[in-house]
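Got some structures for you, see below.
After this come two complexes, each holding chain A, first together with chain B and then together with chain C.
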Partner chain A sequence: MSLRAAALLLADGRFPAGGHAHSGGVEAAVARGRVGDLDDLVAFLRGRLATAGLVDAALAATTCHRAGGAGVLPWGELVAEADARQPSPALRASARVQGRALLRVGRRAWPGPILDELACAGPDGTPHSVVLGACAAAAGLRPGDAAAIAAHQAVAGPASAAVRLLGFDPLAVAAALADLADDVDRVAADAARTAGGSAADLPCGSALLLELGAEDHAAWEVRLFAS
Partner chain B sequence: MRAGALRAGAAVVARLGPDGVTRLEVLRSSPPLGLRQAAGSLWMVGTAAGPLPGDRVTLRIDVGAGAAVTVRSTAATVALGRSGSARSELLVEAAVGAHGQLRWLPEPTVATAGCHHRGLARVSLAAGARLVWRDELVLGRHGEGPGRLTSRIDVESDGSAVLRQELRLGPGAPGWEGPAVTGGAGAVGMVVVFDPGHPPTTATCLGPECATLPLAAGGVLISAVAPGASELRRRLDAGMVAGEVAGGVEGGPVRHSPELSDHGGEPARR
Partner chain C sequence: MGSGKTALVAALCRSLAGDLALAVVTNDIYTTEDADFLRQAGVLAGERIVAVETGCCPHTAIRDDIGANLEAVEGLEERLAPLDLVLVESGGDNLTATFSRGLVDRQIFVLDVAGGDKVPRKGGPGVTGADLLVVNKVDLAPAVRADLAVMARDAAARRGGGPVVFCSLTDDPAAGAVTSWVRAQLAVPPG
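Coming up: the complex of A and B.
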């Protein structure tokens, strides 16, 4: 599988989709004393990757697969399946904020019917994972690419947030992410395998403390990250 | 398959009688899962140890239109095994007809060291049907870590997804003890309440380890982690009160519903 420039662009933290404003739950975990050192961060990332990361990667891959095919897309079904996997209202809202930001830049970057239809279909906003899969399809990428980008972002975003929150050595965090690379690949491959199947059967792993922490975090008056 | 591993199927069919009382038309069970009717509830009774490695138990619950069933258990389910042993499984498939009601309120599942257990629940609700579903997982007995435990629930209402959630805990589940999943908690649990007649609730945090989470498709999930089983129950109960859905367990908003009759429906054993 060769690397595609469009995939690198979508995965890049500097792509103007607003990802830097979200900590992926790290800020709440730091405040509660659950993440204090690098070992805690790695355990956090492992759990996040295996749960929310796999779910997002599978949704992105499935959306990409369907958007790349012919016919009208059942956006409503994909959004409903994404929402059924996220009990936290704060995290559903955050996924929509990030989805909206990604859709905005995605429509400029890869204009065409896929993202236009998605924009019309989701007036209340569409979760980031579904938008990511649609952007990947619009950019001519494959479901496996969409899954890999989602899995990468599931750990890369929170890791960079942790550097800002706790002043970790960025080199040490980069090394930790490199150690996780095989796990990220495995999750992406698992997610890509689900892409052709029924949306109801997609993974639905729960990151309990992320869900509980997000509601807590959303109520704070002062915070560095939006989620 | 382990020599002596059990394959068991249990079934409940409940229908609303013309007198407004729910009767059990079918009540069938075999070891290790017994079903008994008492005090307005259906009780799951362990009639053999376990689940032990390789045991496969399927429970089908069919609640007819307007009927009401409450399922409880007399004791915790203790999943046993030794590291490397075959997986045990409990599959519950429940269908609730229009304006029917199912309350699933068993005692916790205890994942002992070395166990390899999977709990699966598939709940299908027709229009207007109500559900209260509690699932509590205790991660090991006193002083031990848990074996491998997976618990997945799928709830659909009128053909649409309401909740799909899976917990993978214990050895082999990456990061399960870490600060994104259980954070070293000794027990985790949830109650999902779906009542189309109930006004929407708002999200409430009861400290950092318990919250009521309104679901996108209606209904509410009370989710909690705790050091142990009794504190977990306290937190879930507090969450039910905060979410104003406690009546779903104790009778409030559903009091007008017919209770299970202690007299109707002779248990039909096969």
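Coming up: the complex of A and C.
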């Protein structure tokens, strides 16, 4: 089986998991003049994909791999590895907000022990990448699917936020995303390869400007997106 | 947008907080303007008011993707239990804004007389489907030459006789008629 309907559902921007309220750092980048035209946006998305995108995809793939196997699920270890790769408190918090939103709908969509256990695991919530991997496992998907969805979302969400913020031609943005598709696939494949290994060895791609921008953004008085 | 939703929430708090445990969730487009206004108005303790951020799309947060609002409501219920009533204000939007039944038990839609007397005729899910239609700012009807009788006739036709309240929240800051409707609804099981 190559393409699974459950994967399309989980990847769909209209899946009600709260993504619409987050810009993935685009709002902060726009305000600081780093994203103003379509070329800037493409450069931003490439950078985001190679850093935060790769880390999220690897975490999602590893979580999916482990949650799909037998034995006690190492949520604590995965959450610690996710946090170790995220120095920004604002982004840690936003990853948890998005993780809680995804878990809420995931438990309705794919009820069962995997997501029930995850719901009990962290009192303040679990980062989105880990929840995504668990949802993929609960939906019967594979680590490669989880990685592909995470990599896709790393660019698709910010791209649609940029359309709303800057009034870009949505067709031009769609074309830019199509141009990035091979890169998204490559990042997903790299991430999927890490799934069977040690969580401590997961990739660590820090994106300083995303992190600093998120700290700044969280302190704004007026903003359109939650992050 | 600007029809008097926050003014109505404030009015309901004023007239209901005496004997009911209330909380409010606001959905602002920017910042936490409405929540701040309600806190400053002093109609409810600050801890009973929370704001949800909606990412440019206020109707999405109350209709298609309600998780953030559910989380806000559940957080209030957890912190302040037991609550009798949680009021959720939508972000200022347009005639197509409507609440998901997964989020609210009853929906009140607020129209502004100053928007023109043709608005009820235009319909839309808020006008036709809300449990209560409030036509606010009747005090402005002469200034904008709005014919309230036309609004009443069109609203009745669009709503198949569903309840409509005409009011001016500046003249009646306790929103008497809406308060009575809300009290009557509290006696009916949710759903």
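Assume the second predicted complex is superposed on the first by the 226 of 227 C-alpha atoms of A that agree within 3 Å, B and C clash if a C-alpha of one lies under 4 Å from a C-alpha of the other, contacts with A are read in each partner's own complex, and residues count from 1 in each chain.
Please note the rule applied: a residue touches a chain if its C-beta (ideal position, glycine included) is under 8 Å from a C-beta of that chain, and two chains touch if they have at least 3 such contacts.
None of the values given here were measured: they were computed from a predicted structure.
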| item | value |
| --- | --- |
| Side-by-side fit of chain B and chain C on chain A, or clash | fit |
| More chain A residues in contact - chain B or chain C | B |
| Touched partner set for A:Arg14, first chain B, second chain C, both or neither | second |
| Which of chain B and chain C A:Ala226 touches, first, second, both or neither | second |
| Chain B versus chain C as contact partner of A:Gln153, first or second or both or neither | neither |
| First, second, both or neither for A:Ala101, with chain B first and chain C second | second |
| First (chain B), second (chain C), both or neither touched by A:Thr126 | neither |
| Contacts of A:Ser23 with chain B and chain C, given as first, second, both or neither | second |
| Chain B versus chain C as contact partner of A:Leu165, first or second or both or neither | second |
| Chain B versus chain C as contact partner of A:Thr194, first or second or both or neither | neither |
| Lowest inter-chain C-alpha distance for chain C and chain B in the superposed arrangement, angstrom | 20 |
| Overlapping contact positions on chain A, where the chain C interface meets the chain B interface | none |
| Residues of chain C that touch chain A when the two form their complex | 29-31, 53-57, 60-61, 64-68, 70-71 |
| Partner chain B, residues of chain A touching it in the complex | 25, 29, 32, 34-35, 40, 43-52, 80-81, 83-90, 92, 183, 200, 202-213, 215-216, 218-219 |
| Of all residues in chain A, those that touch chain C in their complex | 14, 16-23, 97, 100-101, 104-105, 161, 164-165, 221-226 |
| Contacting residues of chain B [partner chain A, same complex] | 152, 154, 160-168, 173-183, 188, 203-205, 208-211, 213-217, 221, 223-225 |
